[in-house]
Structure formats: structure tokens, C-alpha cells
């Protein structure tokens, strides 16, 4: 069986901060550094979403990228683009807006819609800056 | 054993379309969208080919990249660069020219030549645009 | 007067060939090389369109990028994306589909719509591959 | 005289919004679209600063890039990185935080420090996203 | 358990050559080609270091990137940046300075310091040029 | 007259150092910093060479990129790739190997060969790292 992996990229620009109200300013600065700036900062995020499967015999597709792109536009870009990740996004409420946590939450939001169009979500890569990104395999540990 | 993975990139520019002659124009447009344009469209493809192994004690090489590059130039770039992927490439005849299918066929073409120079092909990544790419592990499912 | 330059990028994927029917195949190959392949090849084009002006006092904008993007979507992306540049584009009919000629024609098409929303087009950069691009200043020669 | 241009890149991540308190929400949305989101959004900004001059005979340098980098770290990165461009930056107070206006203000801030180390500032390029950037030549219009 | 992977990029610019003193010049040229140039050549290397773990409940972090960055600055950038990889780096003495061998040695150097701050090193990607890179999983073979 | 600018990119990987034998080590370190490392360091250089002209009526070309690429391969890549810029390159002997000086010397080397194939060299951009590059217009000052 010729299982293959296909990835779609989308982008969104958002504000956030890393700050705990139950900590002193000193502790926030010590742990989160500049990311604790009370008035927020922001990033151009890139999200790469990977689906695996066997290519359909008629179309040659693992998944129709139009379907995958529509899901990402609706559940990710609409929800996160030009937003404040701490304040404006219902599914991120009450969590630390670290790239790790954002990525895990996005997985929970898009896994089922992708399954409904016949795709199996296997990886999300979230790029915060040219110097750091996270990768999530739904909790699996390929390495 | 210190197994390590080495990757070589090559590029090629090609035309293709996604279109089934046994479907109506309506169905082609519904499924393939703009990719069904009868007069073709095209891309700057990037291919990343990964070989794994233990570095040779004398050279420090898993594989001599000159050998890998020569194989890719002969079997991939010569065959696909400035070509029409639906019409000009014998090993792609009679398949849907989706990135998934092209990648699987390229694997079949280069696996043996790479083995002959002592390399074990383990991954091909094929980038079609900045927004989509496929990855193939010879059918294996690392995640 | 604080004149400043603002640039918007769009992308399109298209097929083309460089071929003269009034030349022999030998001459076509000699001059155009692989680009003369009769069955076409293609590229992921990037177009960067630059407008200059003084920022508006109320908005801080030289031009509203939404307006510029709409013009580029309508006149460039709709016209060229997933198209054959030799066959499918009325404003490119009967010219050699070199990147130079395409860029000059795009200038003629978008200059007036940009002027209508208050912008002064001063540069188009068209990227064909990572190794070559052209820049056009409407015929002016800044250097 | 062999005048040559040298450019240094720095990056900063910041939040901002485009919003006029003296306008209705409707007008803000109509003009600024998603950029008017009250709770801010943000970007990974890249700034490219260009100095021109004749290479020094002993060093081969137009300007010592260590000096240029120190100036940019002190006046730009320290001031703007992980900041809110509307609230946290004294030299951006009371202006619309458009990329155009930010760039013009940065010019005013760094021109004199660069002159003091012997450099002539001739261009700032400020990249907001992969799809838009501005270029400022101190008000000059090379094209 | 929501294991997730986080990656930090650092860069360094270094000289090296691939050359065996116990081989003839002919054999060195045959095997290593231009890389055997006696007077060295060099690269802008990029290193991507990946740590896996479960996000901390209070911080949302797998590892504090400041800690990871400090380790990479101390053990990698300080050691390798603007150095000759064959001559200047104690932990690379007496090995072929291939990208494979450099990467394996860097793993051995940074694995323990990363563990001390609570991180589990699982991958190093070392990019030598835009056309080649290696990936090392500590000897594991995920695919 | 529709003058247009076309640019070709080539790459080369080389070692160099910035060091004056007539200066003390202290002064070398003070002025050149890490770049003074006696055992060299290196970079992946990118060179972008721009030619201007009016597109030929028959070909649509300002210059045949095959001709331009051949010149760059012969005079730049052959001369500089996998070389030591201080020791191995006759036309760089006895100059400080700063990016500024290298770029000016490359201009002197390629201007005439480009003219012989009918092209007018107007700009060289030389990228040393992602954070710095120089641009040379043959001494002209467009801004």
C-alpha cells in the first residue's frame, strides 16, 4: 500500500503574550522574558498541516487540497488571523498562548473536519519565527 | 550504530494538468478546479531525496553526494525538466499527473540506481508550490 | 515630501514555451534551448508590484493594499494563474512569452486601474525561478 | 569613485493595529479591514538598512557592520522588538502605525547615529509579511 | 500524553575541507572533488535542534527556548562560528569534517547540557547549502 | 523605449578572512572581530547579476540567459567556488577580501564579456549571509 503524506501551508498574523496573572512581574519576566510584555507582541505564523493516505485511483489525490484548504481557512485562518490569541479566540481561552499549546488546540479543532472529508491528520508544524517552530503528531512519538 | 540521513535537492520546471478524458468537463472542473485547464499550467518543482546509512570511516559520507546528484540529474532532471509531465515522460504515461503519483513513480525509478551506489533511499519530498508538498517513505508510515 | 514605496506580492502558476513557428526546430533549440519544448513547461511565478506616493495623513497609507491586491487579483491572477501564457491570455496573444514581454504587458494592463485608485505604478518585478527575474520601471532607467 | 551600497538586516516581532479613535467602527473596518482589530495583531518584521560609500582602503569597508548592527540593535530592535507599536514606543506616539509611517520614523531615529560613525543612510526596506513591504529613500525618488 | 516537538535554529559561518593526508591528491580529488581544495572553502551553516516533551502546565513550554538557545550559543555557535572546522574545534579534531560527522559530534556535545535543563534531544538537522543537509536522530531510525 | 532589467543568480561557497598582516592581532580583532580568525571562515555566497536593455523583437530577450549564465559560470563560479578568496583567486590578490572589494573586482572581470554578447551590466548584488549584502552599480549612485 503506497501511503503518502501531503501538506498544505496557510499563514496568519496574530498578537499574543506569555504572562501569568498569578505570578509577580519579576517571575513573568524571569521565565518569559520579552514575551511577557503586557501590551502584547506578535508574529507572522505559518501552519503546515499534513494528511496521510493512499492516492485515490481516479484522482491521484490523498485528499483534495481544496477541501483541506477550506477547512484550514474556516477553522484556523478565520479564527486566528489578525487576532489576539489570548483574548479573541474561544478555543484558546484559559490556556497559556505558547506555540506548543496553540498547536495542540488547533489539532483538536481540525482533526474531525478533516476526517469528515476522508483525511487522516498526522502532523501539524507551526512556525512562529525563522528561528523556532513546533511539530505535533497528535501525541505520537515517531522519534 | 550511528545511522544518519542525508538529503540532496534538485529542481525542475514542468507543465502538467489534472484532467480525466473519461469525465465531463463539469466533473473535471468540480474535482480538479483550475488544475484542469486544458491548455496546461506549470510549476517550479523542488525534489528532496533522502538516503540513510552509517558514515563511512574514511570519507565521513553516508553516500557521495556527487553520485546521488548524478543519479538525480540523469533520472529526474533530464526526464522532467522543461517537460510536459502528462505527455513527455514515459514513466508517467497513463497515470494522473498528481504530485502524489509523480513522487511514487520517481521513487520506483531512482531506488535501484541509488542502491547500486550503496545508498538506501528512505524519503522523497516533492514541493509543488510554497503552499503544498508531498512526502513519500516508500509506503512506510513513520507517523 | 516623504515619498515612500510600497510593494505587494502575488503568485501565479502557468505554462508557457519560447518558440517561433517561423523558425526551424534547430534554430528554436539553438536560441531557446529547453524552453522551446513543444509540449510546454511551466513555473511558479511571483509578481511584486510597487506603487509610490506620500502617506495619507489620516490612514498612513500610500495606497490601501486591499485596493492594490484587488486589482492584481482581477487583472493578473485571474488572467494568468493556471493558464497557458501563449494560448489562454488575450493580452499576451502574438507576442513571445518571455518574462520580459509578459512583464511589460502586465504593466500596460494594471497601470490605469492603479491610477484610478490613486496610486502611481513605478516598478514590477517578475520572478520566474529562484535563479532569474526581471524588473521593469515603465521604461525608465534608474540605473 | 567606486561608490557601493551595503545592507544589514535585523528582525523584530511586534503587535500593532490600524485604528482611528475619531472614526466609527464601521469606517475603521471599511478602511483598515482586519488590521483594525481592537485587540491588536502582530508581525515578524524584517528591516534592511542600506548605507552607501566608497570602501576604505585599509579595511575594504564602506562601514563597519559591527557599528551599523550596534546602532540598529540599540535604536530599532531594543525599541520595537516584542513591543506594541501603538503603545510602547515613544517615537511612534500619535501616529498611525502603518508600515509606511514606522519606516519614516525609524529613518529619522537612525540617520544621525549612522552619520556619527561615518555612514550615509540611503535606504530602509521594511518587510511586514511575505506579501508586502515598503522602501524609503529619505524622501528621494530614484524611480 | 501530548508529546510535542520544538525546534530552535542557530547559524554559523565556517571554513572546512574534505581531505585525507594519507591519500594521494588524485584520490582526494576523485572522492571529494572541489571539497578537497587545500586552501579550504566555507559555508553558512544552519543548525536546527529539536527537543521533545509534554508542555509544562504553568508555562506551556516543552523547554524554555532561552535555555535551549543559551546552550546552542555556548556549545555550538561559540565553538564553530567563524572557525575552521578542521583546525579550530577541539571536539572535531581527528575526524573527517563531513556534515555527517560534524552533526554526530555536535549531538554528543549538546545532549547532556540539554538534559540538565530538562530537555530530551531527539533530532539535529544541519544545513550546509540550499542543496544538501543531514538529519540525525541520535542513531535511531524513524524511517 | 521599453528598457527592462534582467537578473541571473549564481552561488559559490568560499573561505576568506579579513586580516591585515601590517596590523597587530589586537587591531585586527578590534576592527574585524571574528572575521579576522587566522584559520579562515567561509560563506555560501549568492551573486545576482543584472543586465539592462530593450527586448529583442524576435526573441523577447534582453540577453539570452544561457549566455549570461555561461559567463558567470566561467568567470565567477569557476574562479571562486570552493576556493579561498584570499589565496586562490588571481584577480583578488593583494586586496582586502571584503564583500565590497570582491564585488567591485567581479564587476571589472565580467563587464567586458557581458558587453561582447550584447549586454550592458548595470548591477551586482552579492549576498554574504542572510543578514548582509552589498550592491554595486559600477560606481553610479541611483540613490
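Note that the chains are named A, B, C, D, E and F in the order they appear, and that numbering of residues resets to 1 at the start of each chain.
Here is the rule we go by: a residue touches a chain if its C-beta (ideal position, glycine included) is under 8 Å from a C-beta of that chain, and two chains touch if they have at least 3 such contacts.
On a predicted model such as this, the values are computed, not experimentally measured, just so you know.
Trainee: Fewest touch steps from subunit E to subunit F?
Mentor: 1
Trainee: Roughly how big is the turn, in degrees to the nearest 5, that lines up subunit A with subunit E by CA atoms?
Mentor: The C-alpha superposition of subunit A onto subunit E needs 120 degrees.
Trainee: How many angstrom lie between the CA centroids of subunit C and subunit F, rounded to a whole number?
Mentor: Comparing mean C-alpha positions, subunit F is 27 Å from subunit C.
Trainee: Quick one: report the Å distance separating subunit C from subunit E, using the average Cα coordinate of each chain.
Mentor: One centre to the other, that is 41 Å.
Trainee: Please tell me the distance, in whole Å, between the geometric centres of subunit D and subunit E computed from their C-alpha atoms.
Mentor: 34
Trainee: Residues of subunit A that touch two or more other chains: which are they?
Mentor: Within subunit A, residues 130, 137, 140, 142-143 contact more than one other chain.
Trainee: Which pairs of chains touch one another in this structure?
Mentor: Chain pairs that touch: A-B, A-D, A-E, B-C, B-E, C-D, C-F, D-F, E-F.
Trainee: Across the complex, what residues on subunit D touch subunit C?
Mentor: Residue positions touching the partner: 18, 20, 31-33, 95-101, 103-104, 130-137, 139-143.
Trainee: Tell me, which parts of subunit F touch subunit C in their complex?
Mentor: 1-10, 50, 52, 55, 58-62, 64-66, 122-123, 137, 140, 142-143
Trainee: Write out the stretch or stretches of subunit E touching subunit F in their complex.
Mentor: 11, 13-16, 34-35, 37, 39-44, 81-84, 87-88, 129-130
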